[in-house]
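Structure in structure tokens, see below.
Per-chain residue numbering starts at 1, and chain names A, B, C, D, E and F are given in the order in which the chains are listed.
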Amino acid sequence: MTNSIQQAATLLEALPYLQKFYGKTIVIKYGGNAMINSDLKRSVIQDIILMKYVGIRPVLVHGGGPEITAMLKKLGKQSTFISGLRVTDEETVAIAEMVLVGKINAEIVSLLNTAGAKAVGLSGKDANLLVAKKHLAKVHEAGEIREVDIGFVGDIAHVNTGIIDTLLENDYVPVISPIGSDENGQSYNINADYVAGELAAAIGAEKLLLLTDVEGIYRDYYDKGSFISTLALDDAREMITAGSIDGGMIPKVEACVRALAGGTAKTHIIDGRQPHSLLLEIFTDRGTGTEVVR
Amino acid sequence: MTNSIQQAATLLEALPYLQKFYGKTIVIKYGGNAMINSDLKRSVIQDIILMKYVGIRPVLVHGGGPEITAMLKKLGKQSTFISGLRVTDEETVAIAEMVLVGKINAEIVSLLNTAGAKAVGLSGKDANLLVAKKHLAKVHEAGEIREVDIGFVGDIAHVNTGIIDTLLENDYVPVISPIGSDENGQSYNINADYVAGELAAAIGAEKLLLLTDVEGIYRDYYDKGSFISTLALDDAREMITAGSIDGGMIPKVEACVRALAGGTAKTHIIDGRQPHSLLLEIFTDRGTGTEVVR
Amino acid sequence: MTNSIQQAATLLEALPYLQKFYGKTIVIKYGGNAMINSDLKRSVIQDIILMKYVGIRPVLVHGGGPEITAMLKKLGKQSTFISGLRVTDEETVAIAEMVLVGKINAEIVSLLNTAGAKAVGLSGKDANLLVAKKHLAKVHEAGEIREVDIGFVGDIAHVNTGIIDTLLENDYVPVISPIGSDENGQSYNINADYVAGELAAAIGAEKLLLLTDVEGIYRDYYDKGSFISTLALDDAREMITAGSIDGGMIPKVEACVRALAGGTAKTHIIDGRQPHSLLLEIFTDRGTGTEVVR
Amino acid sequence: MTNSIQQAATLLEALPYLQKFYGKTIVIKYGGNAMINSDLKRSVIQDIILMKYVGIRPVLVHGGGPEITAMLKKLGKQSTFISGLRVTDEETVAIAEMVLVGKINAEIVSLLNTAGAKAVGLSGKDANLLVAKKHLAKVHEAGEIREVDIGFVGDIAHVNTGIIDTLLENDYVPVISPIGSDENGQSYNINADYVAGELAAAIGAEKLLLLTDVEGIYRDYYDKGSFISTLALDDAREMITAGSIDGGMIPKVEACVRALAGGTAKTHIIDGRQPHSLLLEIFTDRGTGTEVVR
Amino acid sequence: MTNSIQQAATLLEALPYLQKFYGKTIVIKYGGNAMINSDLKRSVIQDIILMKYVGIRPVLVHGGGPEITAMLKKLGKQSTFISGLRVTDEETVAIAEMVLVGKINAEIVSLLNTAGAKAVGLSGKDANLLVAKKHLAKVHEAGEIREVDIGFVGDIAHVNTGIIDTLLENDYVPVISPIGSDENGQSYNINADYVAGELAAAIGAEKLLLLTDVEGIYRDYYDKGSFISTLALDDAREMITAGSIDGGMIPKVEACVRALAGGTAKTHIIDGRQPHSLLLEIFTDRGTGTEVVR
Amino acid sequence: MTNSIQQAATLLEALPYLQKFYGKTIVIKYGGNAMINSDLKRSVIQDIILMKYVGIRPVLVHGGGPEITAMLKKLGKQSTFISGLRVTDEETVAIAEMVLVGKINAEIVSLLNTAGAKAVGLSGKDANLLVAKKHLAKVHEAGEIREVDIGFVGDIAHVNTGIIDTLLENDYVPVISPIGSDENGQSYNINADYVAGELAAAIGAEKLLLLTDVEGIYRDYYDKGSFISTLALDDAREMITAGSIDGGMIPKVEACVRALAGGTAKTHIIDGRQPHSLLLEIFTDRGTGTEVVR
């Protein structure tokens, strides 16, 4: 009996969120451990299926660094890095695209479809979804910042949302690989966090959820007591400028800033190592991770 | 942490039901204690709001015997009963209609709207929803069954579902009083269980839920061990014929039989004294009460 | 033969009005003798059916003072009055609602449906149609005006036209009881003339017709020669301020003023004691009663 | 006052017909005196405008024999006749088309538009509305019937209703000249009564009204007492076979037979010399002329 | 083989034009030799059919001066001319209308339909397409310009595009006679070039094509070397003012100016004596004739 | 001038085909030389763009054997073959999928989009487009045919056309990789010819075009004089049974048979080595290659 009271309580706690998010679009950046550990993987898939069935429109953007690295190694392709970014020649970007689109994306689509969704994989090339331009790496040298060409690493020049709109209106779940192309059809590898942020802004998403492998953002990374539950947009910008955000978190915080500036209501950096962290974030009163808000 | 695992489990347990009932219509007969006790009342309202927000289309039919009796008493109107049915003259049916439509229905509509739904009250007269014909009471006399005219107690001759369809398509929650009228506009008081059963059949409801003040159906009412969780349609018909169903439950079981015959997939007689019994019946694996199925 | 020439002439006289009002909404305040005398009642119902079949969208608002008074008396409930308004406690408003919604409204709906319309009864609570706030009576005391709380007598705070739009688009005739509720679901009894005026403004009605038991407005009530056929909006406002309008007509004139201010093109105060006065007002060149226009 | 009672009575008498014909299509064959006398002309135009504004969809087919004859004479073109049909060579059919389409049709369209309709003239060539084939005249010779080629007089091989549907759905009044063409584009002059009958059948008209210059059909033309108000389809066929119908009425009765066979509910032969005969036929209880029914 | 390479090249050359004009409306003024010579006639019809099948929406406006003159002569009607315009009395305009609508228009419609289009003939009277007003002739007299009433020669006061929109949306090809009428239904004969120009402006045509019997416009008509391929809008206006445009070309250039001012992107004066000049103008890189552009 | 006559002739020759295929779906199997030679590649892309702009709905299915073989070799993966089919273990099918979806498909999409289409790449996994089941190789052994499991080589069990319909209705060009999956999400490599045939049948394509590297089908492969322009469905079936079709052509002929049986009107095996062979096949009178028809 106790159990049924708790069950009813949980369902009722979810009620205002069901109401709030009905028919709304949520962009999810799927990456890290949640993409490797098979239990976590199943938990993410279940969470997305549940969102779908309560009328939410989830859009997934996935990463895939480790698998790209593994394939480059298998094919005997050496990589060099500048400022943490892989120097990406024609062959490297082709391999990255092949792994992201032909392997990782295909697997996520398959898991979602087997679980009952109607998922459709997209690369940024499909219907010109992600128009890319060259990203220049910033190199700190002798007290100066110099921009260096590192090949086919891209920034987003423009998002053509038509195909996403068509798929969402027809009840499909779009799964997007972070590959874009310029007007000549040249492929670019783009940071998946940035893709998620730009997409959220472009399609007018209600929420952006970024799965990571940490609890969230700390004001001081070494002081567990300095955990930040809610970070205002201006604070976030300031922390980026001040350099007080841990390197790995910078793209995530920047993605949040971009989405918020573009009209997304709330953005969340969530610990993907916790099972059903998406579900709990959306449907329960307890927030998890760090939310960045206007 | 434990709690969040349970919460996620509950939400995930609800998943297949969310999927199954999305866009489906569920007819709920609301009556008994759940209409009197204010905690239970709030729990029913919450349950219906939740259904609405996960894409279910609830349709309520309410009863109101005790309040009609109270008003008749206040107005000094005496009632006689034949075979358990109130002899209903012109004045009595007018008072019944006034109480059902102008008081009980109005209150339910108000509770739902205050809680965030868009409820609209209907009597069976609105848009000719419930076309009625005279119901004759069956009197057992000297080993024979004789039919007796007891006034304006009605059976349903026809259901015009147009207004229900219009309201459901426009996202309203219809709340229906069990009053019908014949082609001359004469009002009839109709048993609310029958109204719910006929409506479920006519609008092609997926489910019929009847709230009662007992646990469900027992094969032998005095043997608590004879509780029936699932009752097949044929068994139900047999038990009615055999007279082995407790008098008060007969209209409910007959309503189930009618709905099932008309195409409703499942019907349930539920203990309305348990808080959130609607929610638990619909969204959890544990069944409550007795289900009557084909 | 003569007759057929007259018939053709009447039909042709109606032509420009048929053209003008096709697809337009007309709000009708139904009250007074026309609601009591059974011949007049039938004539009003026929007129509304005819409007419907020539493509007009009629919306009815009904009153019901005498029947409320009768029921209060039957139930032994004493009333006191302040400035002509009934002091309305919780019990009184509940009885008023019961009579208006459960008796008068139901009867009008039934008459319309029997005559071939698809009428649907609404109270202002349905789909939050009429959001009410407390109306304070104005008491003239020692040369000053003091506002007095007389209970659950309401003014209209807001009209949610959604349910009216849905019903009109689906070819139903809405019949509305002058009961509203506030955000807590508390019922208020509202003057039906005001409801008609506010509704006409809110739904963008083409015309407002108010049935009364007099010929119309006189500049000097005791001088039959001072009858006003057409009254300009500004004149109407002035006459209200100057106190030169007979008490019973004030709410009607104020309803006209409100509707005109909200965009209704023309408003009419019509003698409901004349059979088919609605029909003649709408479809013939002769005006009846007093029209208040911009 | 008396007058207003009569006016109301007329409007109410029209009520069931308004209801019955709302949204229905009525084909009207316009010809004879009603096309020549300017008062009758105005009366027909007014009647059609009224139909339009009460939601009826009128479709006009016009004739024009006298004007064709006049133009042929002006141009010095001699005509010979076989079995009452004009021998129609290439030049004659071209003149007929010119007069029907470029003069008579244009004038009717203009009158309707000036009176407030949106009329569009069509010949049977437009969008291949009337596909024609050669009509052979039947010559009684020495007790035998011989078929004779009299040139470009046509029968209807097929009706393409697309353009009529498009115009009716967009609220236009189609006005049709009785000119058809075969697959090579060759023009044919077709009897306008037949065109009206075939059109009524093809577009599923509710009613066919044929204006003539007589009272209707007599069983014995010389016995005014033998007037037929209602003629059954089978009787009509029999009377045609028996030759007991006056020559000029044969095409009209055959048009009725054709329309009824194609699904039209009722057909009427009406005295077009009586003002507003269309209006009185449709909207009053008194029938005029002869109706041919199934 | 060579041939198939050329065929592929032609189809590919057409590609950008197919893309550019898909779904766009093109107004074509059809007149001159192309309406008389039967080979040219067939070539124009084929070109229009091809436009239709690649998704272009052609609208035809035709002239017909020579045939009107011939008919006037046949009917023994004398004409006088003022400033090159026929003095047009009631009888003359009636004959013009009859010939344009009942003969020329009907023939073009028939040719298009036989070739596979769904053409519908319209006069400017249909659905009030062309509302006309009197055009006054300008007479140069003693160094002054005097305006003279020459009867029912019209200018365009207003274009009601509704019927054109309806026909285009339903895939019909409108063929329009240059006859308009004023609010009293009086017919006017209007210059077909002006009709084409005004129509192009009113319906937002992408292109206006005017068929003539010359190569195009010359800066100096007697110097073949002064041919103008592209004429800017301002130059065109200047040349009209300066009187340096040949008389017959003035209405064509003015029609271009009118269409361009109204939003049409490009206008072309084309040599209709060259077979398939419409096709070559639209679908090949080589321009023919003179284009007038902004 | 000669040239413009030829141009007009080509455009006019294309006319009936434009008419015939407007709005129709054509499935194209893209493979062989036309996928390797860069001139041919550009010619295929141009042809598809042209189809799109004349209102045809092209659907591409691509192969990719040589590139899969190259990648397997690069990754040091050995292949064995049974009856000409590659034994396909888990690793092999993963590599095939990666190359087909992540490389070849992506490149075609990119070429189409750069040329002006809106192409979207799909694998058979997307929205469960291609539901696969295991294909067993047939091994001829000692006069008997034995079925052998060769791993994840698939047949098509079912086609879910929903995503194709959605994309076509929204003007996208679907580009499909021949990868399917079963209900457990297991990937299968499927022969692209079969995919094209099944798809054509499932989506009701008007035409199936299969690009090959030969002229078409010969009755006797060594006798150039035995070339077959048109092959009847029954003959095709017979030739397959009789073993008289060259091995490489069998899947193509079987794909034609499958599409024709499923309702496709015509199927064509076309020499992809000839530039613009698609265009010439569709838009000119000369047929190329072999057509298989009912």
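Following the convention adopted for this analysis, a contact is a pair of C-beta atoms (placed from the backbone, for glycine too) under 8 Å apart; a residue touches a chain by one contact, two chains touch by 3 or more.
Keep in mind that this is a model prediction, so the values were computed, not measured.
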Can you name the chains that touch subunit C as well as subunit D?
none
Looking at CA centres, what chain is most distant from subunit E?
B
Comparing A-F with E-F, the busier interface by C-beta pairs is A-F
In whole angstrom, how far does the Cα centroid of subunit E sit from the Cα centroid of subunit F?
48
Between subunit E and subunit B, distance of the C-alpha-averaged centres to the nearest whole Å:
72
Separation of the C-alpha centres, subunit D versus subunit F, in whole Å, is 58
For the pair subunit A and subunit F, the C-alpha centroid-to-centroid distance in angstrom is 36
So subunit B residues touching two or more other chains come to none
Taking chains as nodes and touches as edges, what kind of graph is this: line, ring, star, complete or other?
ring
Give the list of subunit B residues in touch with subunit C in this complex.
74-75, 94, 97-103, 105-106, 109-111, 113-114, 118-123, 125-128, 162-163, 166-167, 170, 172, 179, 181, 183-185, 187
Okay, in this complex, where on subunit E does subunit F touch?
4-8, 10-15, 18-19, 22, 46, 49-50, 53-55, 116, 275-276, 279-280, 283-284, 286
